[in-house]
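Chains here go by letter, A, B, C and D, matching the order in which they are written, and residues are numbered from 1 within each.
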């Protein structure tokens, strides 16, 4: 099954069970969704539940908030993360705060989904990552789906939960293949160990997890060590426990993320580690992240602006040599 | 002179010299500005240069971008940081990227000013801080004015620069008193050492600098040490050099900020320190920040949600004892 | 409108004004803080619209005390909220600008100008989807009609033919800036004309407001699609307690106060519904004592506990 | 419109289409990537509007290759941009959606639907402030008229009486969604009616576009305030190269292509301006060879150097 099909399955199964669940967004209905995530839902659930909206992101999220207040369980799709900026007022001033400001009288069971990240030459207005901003907002739960099974389970969880969720996808993952295990549910807030190892803990999420996995063999060979690769999965809350266990074992940590390094999401993870696990570390923590530039159109520059399996391997090897791994 | 008067003086002196400078925002004209920063400018420079806008923050910034393209030097005021969320598309997709996307063909000499932070019981939709988000955006320079002299010089610099600036003020600082030294200019990108010391480097910015200064005596007495207090002033770029010199001397660092701890701006500073100055540290770095909650209206809860001189002192003393300061 | 209702409306306008004066007093004494936006002068609009729209959901702004009370939320819980007490409608965490009570279908206090309008659109969508008999009313000021959120909402509500009543309180000012400086005309209903039926009424006249809102409610609930109603009104105080109101001349203020809805409606009570001076005095006294009790309640109510800081962010841990 | 201009318009429409077909070809061959939005079918609108608005500033969208060329930017620099080369108008860093050339007063390619409209408003403000004789034109699709940025701009431009021409390219679609599903009517000019003079024209007819844009330009520059012009048009391809165009029936496409502006205008060239077959063929051949040269140029142009990654973020270090 493809990642986008797993998401579609999560929609389908939840919508079949609960008719309060509706979805809304640009081209999600008749068109089937620009990344085909909502394909077939319009035909199956009708235009009242699969709602084609105007190009009005503020309203997409703002209406979803109102639907949730009115008793529905909306799932909003924003076509690309950059456009979500138009809805930041609704996400941050309303979606994340109404429950608290009302002292729990309002409940907002809703999800805002969007793809993000550097795809292929979509340039600066279509290539960004905003988890660093959204994870700084109390009142939102933020999940980032890096594989097929997680995508399915986590989206289902988010749709069925009574809390407001941001659900981040990556544009390059939609056609990723994998199995969905429906025999058991998973805890979407738990980080997943993608590969066990002893000497370096590599933390990542979303598409970068795949790139790290592609880099690991070379790193292990060149540094003669083993790496533990952790997929954070939930970006807020962060499963610090899993990180701690791994870092206490390895004593060394690398954080790999795609977004710009300055102010990036990884800073929060590294800051926490520096504060809480300082005495467990044998080497300085190390962040590998995107360059502090808007994303350029040219493919070569674009690839220079973000981590790649090669650059991840090269940087970790260099860092490892410098720090006696 | 008051902080707001220093800002007003920066406006006045630059506007008198260059008629391309215009300012726009809600109530900035006839009304004189909701925090009186633009007082008197309307009378002096007229309604074409001091422009009362509708309540349309997206347009305030979006129009400023267009004015800058058209050859003016706009200074936009957003009444309160929370409302700037409505302009995040313009700030992030346009203001920060147009120069880069046009390969330098467009120049955007513009400033977006706003007050932020916890004032007094203004509740969740009027009390936030967004430097953590704006400093994650390549293409913006971000200054935070914590005192009168800096406010004057830094705003003048931002207005006269050809680059796009975010200029952050704090609602509780507008009536702060101080002297403006017009005999020399200052480099707005340089961090300022507010107090020298040997044993602990305390980094802060904006209003928290004052709160740290109020806490320092108690900390020094109880821990029998001296503290160096650094005001970052420029949040992007960060003057890492000044931080490094201080931390290499003190070997211990505390970061104090008002915004929510998770994903807060301080994470970037602490992550950088952990990566670059790891071997210089004798104790884990320590962040003191706001709670991860929307800001409540009740005064007691509100004060519990942010650092205060007392809580700063108490936390640093506790951390110091635990880490053998 | 029968006598009973007329008396009720007068009572609630009087109650609302007494509430606002009390709020002002306790703001000055320091029991209330933050931004406090008084509704004085606009009570006809706030009360009569709520009476006409007695059922259905209401989304309002930061200037919502009187509406909240007219909706049926007891004044003491509103006052306790202003006093930041745990017994306030929002547990002391929302304050004056954030009064919420879903049990009264009141999702009051949004403090982002125009920000609640898309929420009301979404709620109207939910009501249509659920086949509810009631519609939704969203209240906002003239200043909000210049923002993108408002326009997107007109367009979506019209496209989807939602049961939504847009009620614009046109008091001609957004803080200190007059509407004619930020919009090309005085009547903001014009902006809605391409999208839906528009109506207007004298917002200082409770009867006119009641009639117009009733008619509009009927239309939206009979499947006519959204309706825009503009009510012209006037606030007597500054924008909030932080505003000195210096931008309005004493002449303008005099003109404004001549339209005071309370004496106006009181006169009608006497002339049209033949209320006696005693009946009216009884109402006024009752209102006064309700507000006094509300203040007492608020003063004596409990402060939130420290742990409230971390409560009610999420449903699930 | 005289014969010279008519020939020029035909030439540029033909040039534009040849450019787009070449872009399509090299996209399929992998030389061009990202989102590529072709203007095929809409050339009359793109070319004639630029000819009529020859001076003044133009702000456009991501579907702007033909406009950029008609504005006077040489096709080779546009093609080189699509090929992501250093010699492209935006140094290879912008790509198809981000063509900028201030020397031609073209601030083309914004890829946030509606996001450039407030920028155009600001620029019009600057021009009015500077006492410029030229106004500003902002081009956007029907889909953009549902967004808040558009409405805020109508309101501000009207309030400030700015020299701004709103040109709406109504091709009835926003990607795969028909305008009637997201707005309550087909004619988006209705939304502007409360604010300003509105006009409409057949966007498939270069002469009609030229006439309407000229008239609107004249009005805005004579102090009449902003004008809204809606041009009805039709795109022949999918929304971008990533869109299979499956939502339009072959009948709809046939109807659409029957309005092809090129043969239509060619016929008029022959009938009204008595152009000979040879004259026309010469224009077409010239256009073809310009595009061939543009492709050659783009192929052979230099890649940006690595250091370009960090260049032109700021003016000051």
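Operating definition for what follows: a contact is a pair of C-beta atoms (placed from the backbone, for glycine too) under 8 Å apart; a residue touches a chain by one contact, two chains touch by 3 or more.
The structure presented is a predicted model; accordingly, all values stated were derived computationally and were not measured.
> Based on the averaged CA atom positions, which chain is farthest from chain B?
D
> How many angstrom lie between the CA centroids of chain A and chain C, rounded to a whole number?
41
> In angstrom, rounded to a whole number, how far apart do the mean CA points of chain A and chain D lie?
A distance of 36 Å separates the two centres.
> So the centre of each chain is just the mean of its C-alpha atoms; given that, what is the distance between chain C and chain D in Å?
Centres of chain C and chain D (C-alpha means) sit 46 Å apart.
> So which bits of chain C are touching at least two other chains?
Correct list: 90, 92-94, 98, 110, 112, 146-149, 152, 155, 159, 181-183, 308, 313.
> Going by the touch rule set out above, which residues of chain B reach two or more other chains?
Touching at least two other chains: 53-54, 56, 58-59, 82-83, 86, 89, 93, 100-101, 123-125, 138-139, 291, 293-294, 296.
> Between the chains shown, work out who touches whom and classify the graph as line, ring, star, complete or other.
Chain contacts: complete, every pair touches.
> Using the touch rule from the top, collect the residues of chain B that touch chain D in their complex.
22, 48, 53-54, 56, 58-59, 61-72, 74, 89-90, 93-94, 98-107, 138-139, 141, 161-163
> List the residues on chain D that touch chain C in their complex, please.
Contacts found on chain D: 146-152, 155-156, 158-159, 181-185, 190-191, 193-195.
> Hey, which residues of chain A end up touching chain D in the complex?
Those in contact with chain D are residues 26-27, 29-31, 34, 52-56, 58-59, 82-83, 86, 120-126, 291, 293-294, 296-301, 304-305.
> Quick check on the complex: what are the chain A residues that touch chain B?
58, 82-83, 85-86, 88-89, 92-93, 96-97, 100-101, 123-125, 128, 132-133, 135-139, 236, 259-260, 262-268, 270-276, 278-279, 281, 283-287, 291-294, 296
> Any idea which chain D residues touch chain A in the complex?
33-35, 84-85, 90, 92-95, 97-98, 110-114, 143-144, 146-148, 174-177, 181-183, 247, 303-304, 306, 308-310, 313
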